[in-house]
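Labels run A, B, C and D following the written order; every chain starts at residue 1.
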Amino acid sequence: MTDEILPIRKIADKLGIADEYLDYYGPHTAKLKLSLMDQTKPGQRGKLIMVTAITPTSYGEGKTVVSIGLAQALDRLGKKVIATLREPSLGPVFGVKGGATGGGKSRVLPSEKINLHFTGDFHAITTAHNLLAAAIDSHIHNGNELRFDVDSIFWPRAMDMNDRALRHIVVGLGGKINGVPRETGFVITAASEIMAIMGLATSREDLRKRINSIVVGFNLEGQIIRASDLNVTGSMMVLLNDAIQPNLVQTTEHTPAFVHTGPFANIAHGTSSVISQKIAFNMADYIVNESGFGADLGAEKFFDIVMTQTGHKPAAAVLIATVRALASHGGVPGDLSVEAVKRGLVNLATHLENMKKFKVPVVAALNRFTTDTPEQLNVIKQFCEESGVESALVDVFEKGGEGAIELAEKIMRIADPVGAETASPIYQLTDSLETKIEKVAKEIYGAGIVYIEAGARKKLKKFTDLGYGQLPHLHGENPIVPVGQSQASGCTEGIHTDRQ
Amino acid sequence: MTDEILPIRKIADKLGIADEYLDYYGPHTAKLKLSLMDQTKPGQRGKLIMVTAITPTSYGEGKTVVSIGLAQALDRLGKKVIATLREPSLGPVFGVKGGATGGGKSRVLPSEKINLHFTGDFHAITTAHNLLAAAIDSHIHNGNELRFDVDSIFWPRAMDMNDRALRHIVVGLGGKINGVPRETGFVITAASEIMAIMGLATSREDLRKRINSIVVGFNLEGQIIRASDLNVTGSMMVLLNDAIQPNLVQTTEHTPAFVHTGPFANIAHGTSSVISQKIAFNMADYIVNESGFGADLGAEKFFDIVMTQTGHKPAAAVLIATVRALASHGGVPGDLSVEAVKRGLVNLATHLENMKKFKVPVVAALNRFTTDTPEQLNVIKQFCEESGVESALVDVFEKGGEGAIELAEKIMRIADPVGAETASPIYQLTDSLETKIEKVAKEIYGAGIVYIEAGARKKLKKFTDLGYGQLPHLHGENPIVPVGQSQASGCTEGIHTDRQ
Amino acid sequence: MTDEILPIRKIADKLGIADEYLDYYGPHTAKLKLSLMDQTKPGQRGKLIMVTAITPTSYGEGKTVVSIGLAQALDRLGKKVIATLREPSLGPVFGVKGGATGGGKSRVLPSEKINLHFTGDFHAITTAHNLLAAAIDSHIHNGNELRFDVDSIFWPRAMDMNDRALRHIVVGLGGKINGVPRETGFVITAASEIMAIMGLATSREDLRKRINSIVVGFNLEGQIIRASDLNVTGSMMVLLNDAIQPNLVQTTEHTPAFVHTGPFANIAHGTSSVISQKIAFNMADYIVNESGFGADLGAEKFFDIVMTQTGHKPAAAVLIATVRALASHGGVPGDLSVEAVKRGLVNLATHLENMKKFKVPVVAALNRFTTDTPEQLNVIKQFCEESGVESALVDVFEKGGEGAIELAEKIMRIADPVGAETASPIYQLTDSLETKIEKVAKEIYGAGIVYIEAGARKKLKKFTDLGYGQLPHLHGENPIVPVGQSQASGCTEGIHTDRQ
Amino acid sequence: MTDEILPIRKIADKLGIADEYLDYYGPHTAKLKLSLMDQTKPGQRGKLIMVTAITPTSYGEGKTVVSIGLAQALDRLGKKVIATLREPSLGPVFGVKGGATGGGKSRVLPSEKINLHFTGDFHAITTAHNLLAAAIDSHIHNGNELRFDVDSIFWPRAMDMNDRALRHIVVGLGGKINGVPRETGFVITAASEIMAIMGLATSREDLRKRINSIVVGFNLEGQIIRASDLNVTGSMMVLLNDAIQPNLVQTTEHTPAFVHTGPFANIAHGTSSVISQKIAFNMADYIVNESGFGADLGAEKFFDIVMTQTGHKPAAAVLIATVRALASHGGVPGDLSVEAVKRGLVNLATHLENMKKFKVPVVAALNRFTTDTPEQLNVIKQFCEESGVESALVDVFEKGGEGAIELAEKIMRIADPVGAETASPIYQLTDSLETKIEKVAKEIYGAGIVYIEAGARKKLKKFTDLGYGQLPHLHGENPIVPVGQSQASGCTEGIHTDRQ
């Protein structure tokens, strides 16, 4: 595909970014210097449009392509707009078909570079992550002064690769020279805690604090050992020096896009970096931001974790649905009939209901595929009308920004005025961990009762006793507890609801 | 240190490289397009100066700094010159003190970037390496159609990190979902076979052939399984797309330097890439090329493996010695006396003797340190005179190119005229493996007799039967046999000489 | 302690066992030949008295000592009586204080031998168990013709030792010569499936069938692989040749005791061997048989699993309680007051209630300790009276059989006449697995509702599809599904009740 | 096979052993009490006949069958004789064809029992061995007060089973609850150090001392940790209580045989227990004792290790050869011709030469097979005559003791008078380890020079510094250094001779 691609300098011009704030990576990519964050001009803050979707199916719903298309449409309508997106993982590139850079006439360019090594951010995160891991084993090998309990180390290693054989391994074999044997594993880089905390960091100094406060394990007395105890934060910061800077690229219609960090939505917060969003707020009328997975997961995390960190509330949300995904939710595999779509509308209804709980105005975006029939599209449209929800048909893959004009106009109409945003999280930071779990389970996932087993309750108490009772945010500490494989699952293990 | 650093465009100008042959990576680095190799103009090929040293000690002898300083001196003397150097590994950066980018007034710039992620070459090699590893385990997990013998897989994983705990591991634990358990390990990226074959490749097509012919293991019938059987060469080539292009940087005196690939000298060939050398031959009067370790190891590999691959013979060699290293070879720890230096001269003598066997004219370079006394320097100088060997005092750390003028002039004097080089390898490609081993052991390492145990002999026969009898080069096949940890050592296991 | 111990020949005389049915193991132990089973004389079948207890505490309730004492008392009352007991595991011997051979004046002799290697039964079972395990790995190493899925092998190794480090291991490391790496573990011999099926076997032929039908794993197609596929049953039978024969010993009062097999009650059926019980039925008026753990676990398994296998119904049951155990169930650690005992009576009440469900007449036996006060004993006695349950104070540790005369007399009075036993199991063999689980959970453990998670339900369906729907007994097949560590827990994983 | 077998009491009668010294194990086996050792009567010590053989081949040479046959022949000739033999391992029973109890008309009875669990000695040794192993891991799990370096633990686990998958394992996986992960392995029980030291022990007290002084590993400071540090010797002694007593059985001709302990000859001393030999010396005219492997290995160890421990010198030796084994040494696989036998005689010659070095009179025993031809037998006989060596044809498989009358008569003729034995070891206990190695290598294995690599030399120095310089015997300490797999090989690793 030969896309007309402009020198990145021209894209920077659209946003009024001077050369002193840019580090060029070839002709079509630049990294933004963090000093750009301080360029806030009062009254110039943009409106944040959050893009989410119904429960994802194997068909895909097109969150990235619609986000890009919507940004292009707003651009066509004369607005200053920036799309803020996640960086794709190399891992799935060779397994699954793309999509992480959009598709058709709504893509970010240069797609191939973004999909491969790009500006090296993931490699830097992988290396910083593994430096900390190597420091742990090296420390144990050299006398273990910190008295690590080798069976209570949470910090895995990381690799930007789908490599199941590395998930659960024993390291340190081959005798004394190779250190002490222990069980551990690799996570994919997108699941690295470094990825999560870089995505949430608000400055270099904040990142340094977050790295220092990483809980890497317990000592033989059951006390916490932190990354700061291993004296590698300085080296890690050097390795992450460039990676913390957002990447500026362009869409196929030359709309500016910030592509930065790629935390998974299931075990982390699943959206673009707080730093890239904060810079974008300062220089655009509209910021179109994609969040991961369905609205129950990605949007909930956005409102409860990310929004409280950026300090900016979404002015409107887009909830994407597709005919095929709704038909799939109709419950009969392969049944794409109008009836199946009708049955699947319950999924859309639930997500729309949830959005109301976050108190954000929403437009349902019908992402059109060439195989969709008018009948199928009509039942969805009609349902939205009956539900009193705005909806718009989009066709950005085929038509680019033009295919989202209706959506853009509706979004502009319903978006709260700047400063009057009403969006609010589900739980309060001061709620106990049990309360937070209960609120999310009941409000978003529809649980009737929440039963926490004795073992899980004990864990929650331990987290609280250790000072993590106010997670996800705690006085500048990391909002994320250890994300080692076992831990990740450990967080919900033993918690049952009556709707699973 | 605030070095004056020029835009890389200006350095390219010195070599007459047009913009169409450059990919910029920020203002001070560019990657060279491989099409530049085809720009050969008859009669314009440069003289290759090989830089080697006496047996290394913990003091360091300064091969990189002298190479850079010599290039700067030749530049000052009006010659068109390029230094061809290896890329440093991230691994040792955090463990050992630098030096990989030279030092003082003889460095390559931008040092910090080169020492860190640079243009991402090592990350790309690591990723390509691990993609192949993941493909092997994934193949076994998915039914093992190739009938891999899980205990006969040679392909390790790689990481650019000093992480001893990963040397010997068990992967695939945790049940069926994580694949089949087996023993394996990580090598440092500099020891990856991908690093070795990229360093020896002469073109993209050659690299593809070399990747395809990698021996990854045996099947249950004892037959070879190659990377080509796993259908990942295409993806690996995409990952290595940029990494195969040499990096253009500058020295502290703006002399052009090609910094490309970083294979270890102990288990691979230990010098800059064949591609970077081939391009340099086409555009400079002098190419100053560093080889790894001492002259017995690094220089031997250069003459026997690299030279036969580039097709260019060194016109002269520099053999570096230092007062402290010679005193250290004097045998009494801590004794830096003139007597100790005298006793250590036997090491210098042996390496000079070896260089004669390669039939290349040599200048002994005395790399001066501020702590050296005139008496110490004199005994070395006098020894060289008595041995009929040219010598020169160099002080490039303190003085830059000016500190190597004497060396440069002597090199220019003794260097063979282009096309009349007499350098020759120790063994012939058609020699049997046993003969090659014997020649190297006797000629270079001074062995009296070479005794090959039955087990080792059996292995050599197996290699020969499998078609690897003409290693290191075999009709475009990889010159390197499997470099898995065990294999690497396996190559000399069971071979004894009477001088160990 | 110097106990007067009679030649075992004299004990055999009391039972009228001729020499041809005995294999002597030193002067005080003999193994019974299985041909003795065929010596049934019509009308001569004995009454089975089952000994069980309230929920066990760390104090111990004395099931073994009371069983022995009761047998001695019946002996004193002129009855022909045999105590049928389990063989103790070596494992706990060195960890926990004894008790497995009774105590004080109610012990089986020679205690030290019984507690150590005894007649080698456990060693034989361990060896047979491990022969099958070695056959599996050897089969895989030698080409794996059966196509074992190495991640779906259920057969662990066994050792008669408390050795936690062996619970989860990786075997087959060290290269090809040592076979294929895989995860597995050791169970203690008492938890070996061989122990369980030998305990349930009714003849050598039955044992052979049960060994043949052991499910050792799945092949790559997901089909069952059985021990019979490995052709080692013959060797295993040779190894178990003697171990299948019950051991005849004597109590401190020369009452005959059969001590044979030692399956755990938690993961197996927890009582003496079916063969030893069947022989005992033929030659005694009363058979006093101990079952493991509390009445909910050990007694339930006896009625549902063992009774249906022996074909003999208990004529009466003894439910043991102690002051200290009841006080411990009072809920306040360390509180041994009368009030605590009163509060703990709820435990006794529940078990008495359960016994009614099995439709067997019961006597509560108050096992007296020297520290018990009359007040404490009284509240228990009074409770039994009020509940309409017979009770008796026993003091067999201090007094031997004399200390259980009251208990013996009450048992003789309430025991059903031979042939008129009313005892019945909780579930029917033809019930579905789900129904069986539900009946046990509700009837015995007091569950209100039983919730079976999707994953657990899938497993139950799989078991049923594979032909194990009528467990524990199925047309002569093994009543026990794979007891590998993970499997054992897997059986109840994902099953929740509202009373945990 | 229905052998007439006598009550063991009758066999004891032949040796005049009173009932008080016997523990019966069924009708045909008894264990001897150690108090029997004190029954020495001056002037009554028997002559020791050592049975050894040429280098073993896969055909077998029949050391056991000839030992039994010779004992039977001496019995027929009116001598009081005891055969002292090793107990067979269960391990090889199911893999290889028997022979460990002799064959044909020269067997020990009851063969099946001896070949299976016998009197439980191996099970007891296995259990004691594993108790110590479990104690090590348990100690580390519970805080590791002794500061074990987990990578420097030499004590493996043991199992009486050929199970290659257990040779190299990782234990302690599955998290904290299962202890600390580490690499270890199982040895077969015959290779257990407990087997070796029980075989060499001279009393219960001596065994206790030997167990206490077992080196189980090093602590983090590199200091030795012994079994005594773990406080399990008492429990181990209890487990070994019966196993230390020799087993009395009979041959097919009712000749008494002591069958006790079964240490391998390659990694231990390979002969029957010192205690069984010491008791036999006291009560027979002739003791026929088998030693393992060929005369270079088994006989050397007997003279250098066992003889110095029992204090009794062999009065004569039998060196067994067979036509098939000699033909096999002829070098051409499958060639059984007379010429092949002739070529193979060099093996016989070397072993005869070696026996001279031990200064013991020798008779070559030609163990006849039905397939042997007169020509084949003649060349051997003739060779012996020419060499001045007595030889005798034996046919004990077919004929029992009658088939060894010639051998017995020749042995009786050449055997030294009691008290005048001239047998002597190759090295002195006061020789350094290097000297011992050199003497054995040169005298017995025909080495010209012995080259000890630096690493091996360092190890020998370490052993000496740790107080093991006078091995195999050192003032009541264990004569055997750690026999963990790695150690065993470690003992000769790095030692080269010019004849391998």
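Everything that follows uses one rule, which is that a residue touches a chain if its C-beta (ideal position, glycine included) is under 8 Å from a C-beta of that chain, and two chains touch if they have at least 3 such contacts.
Everything numeric in this text was worked out from a predicted model, so none of it was measured.
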More contacts between chains, A-B or B-C: A-B
Chain located farthest away, centre of chain C as origin (C-alpha): B
Rounded Å distance between chain B and chain C, as computed from the means of their C-alpha atoms: 70
Distance between chain centroids, defined by C-alpha means - chain A, chain B (Å): 42
Where chain C touches two or more other chains, by residue: 170, 173-174, 180, 182-183
Chain C partner contacts - residues on chain D that touch it in the complex: 23-27, 90, 94, 116-117, 120, 123-124, 126-127, 130-131, 133-134, 137-138, 141, 157, 159-174, 177-180, 182-183, 185, 232, 235, 238-239, 241-242
Of all residues in chain C, those that touch chain B in their complex: 143, 149-152, 170, 173-176, 180-183, 220
